[in-house]
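Shared chain: chain A. Partners: chain B in the first complex, chain C in the second.
The block that comes next holds the complex of A and B.
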């Protein structure tokens, strides 16, 4: 099975997810306002903003983890984990684009985070364990 | 008498050559013959893998940068001042042209181990892409949108990585080529005698 076509695709979907996370990080105000009631206090705004910020930074950190694993070659040539990462990150890119353009609730971000940031990162850590400790190279 | 003159000549020549060699080693370190063997044996490939990866992923990222930047530029064009309209169009025209040249000769230089191409690509990166990208990121008059910041930062990261790995690649390739040249001189002289 030829794997080498997956490498550009995985790199581009990882990068697009990262770009969208950074974009939302810089322009998160409208999303936070969308999940507050109409008569919100400054305190509520601050807590929601801090939660959203934490989620975004965690998403960026997990994406950076996957990037490091991918670029150092540990998980560059695996078949199924790469395909899983590819689908998760492209789904996340579409969802985050909707989040920016349609001004989604900041609650919905946690669904995107769970399915499309945590899942590939967990698989990535398992691949790390496989390659580095159990020495099961592809 | 003649032998003494030739002895003085020999001493003078040795003095000049050792002085020149010490000077050259201090100004251009790593060029003298006995230091060249540290890099390669002369019979191995010295293309740099990190540099090749940076160039490959830069080539993949460049169309995304182009499309994103053009869309953002067309969206904000009406809202920037007229000076910056000219400046932004100039920058967004020159960056793709320079990028294509830089990536192409960087690929050629790294895969065929040619120092002029590697050095040309490194200089293009240092002197043209780095200032242009820093301008796009840091100058507030360009009214950078959040997505602008994101894609320009990733592009800048690739440029910085190219500078770091390219410098090492140029040093290694130049030392390797010098070693090959010296070896070919010695071998040809041996055959000629």
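The block that comes next holds the complex of A and C.
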């Protein structure tokens, strides 16, 4: 069977994840305030902000890694890894848009990061190893 | 399998294929954003009309640009590639309008338009390279 919808679907979910991460990066102030106590000090704010910023930049980097693997064709025609990445990134897009709209606590971002950025990125690296080093077709 | 002396560019084709999908998603999101802005913000009627028309115009021009670029790349002819490159200019202007001169610009739109402009820039670069490769190989 020819799978035709998987490639554009994966591209669009990756794009939407990336777009949302950058949007949150620009407007992260409210989310940082949401995970601070009412009487926070400037020092606390700075620490939280740096933490959150690091998480967002790491998320963008992992998504970019997947983009590179996808666009160079290493994982473009894979079946199961592509499906996993599709699921994770669409979930992340929904979760992150709620994060913007409902002003989620910035601790909750780490769940999204772990489940929807790290997990597909690890699978992507495994695909890299399989295709580029072990010369297997996944 | 492509013949070995082909001048078509695979990278350009991939880029055009994916930007076609990006364009479709972009127009859908922009329509939703426009509806959102109309319902939340005070909007002069003239501006809604102008921006809706601009969005339709952007969609049509991008469609022609992507379609003729794909065709020119696959058939290895210069004219469709030139048309595609020429149509990039109004597309970039429309994107810049959405980014800079629109009535209200959301942060989401800034990021999305930035992505669109990046795709556009890559298309101009790869399209130019393909045009040179195709043009050099054409014999009269």
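One rule holds in what follows: the second predicted complex is superposed on the first by the 136 of 138 C-alpha atoms of A that agree within 3 Å, B and C clash if a C-alpha of one lies under 4 Å from a C-alpha of the other, contacts with A are read in each partner's own complex, and residues count from 1 in each chain.
Keep in mind that, in the parts below, a contact is a pair of C-beta atoms (placed from the backbone, for glycine too) under 8 Å apart; a residue touches a chain by one contact, two chains touch by 3 or more.
Keep in mind that this is a model prediction, so the values were computed, not measured.
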| item | value |
| --- | --- |
| Superposed partners chain B and chain C on chain A - clash or fit | clash |
| First, second, both or neither for A:68, with chain B first and chain C second | neither |
| First (chain B), second (chain C), both or neither touched by A:27 | both |
| Which of chain B and chain C A:12 touches, first, second, both or neither | both |
| First, second, both or neither for A:103, with chain B first and chain C second | neither |
| Chain A residues contacted in one complex by chain B, in the other by chain C | 8, 11-12, 15-16, 18-19, 22-23, 26-27, 71 |
| Partner chain A, residues of chain C touching it in the complex | 14, 17-18, 21-22, 25, 107-108, 110-112, 115 |
| Chain A to chain B touching residues, read off their complex | 8, 11-12, 15-16, 18-20, 22-27, 71 |
| Touching residues (chain side chain B, partner chain A) in the complex | 53, 57, 60-61, 64, 68, 146-147, 149-151, 153-154 |
| Chain C partner contacts - residues on chain A that touch it in the complex | 8, 11-12, 15-16, 18-19, 22-23, 26-27, 71 |
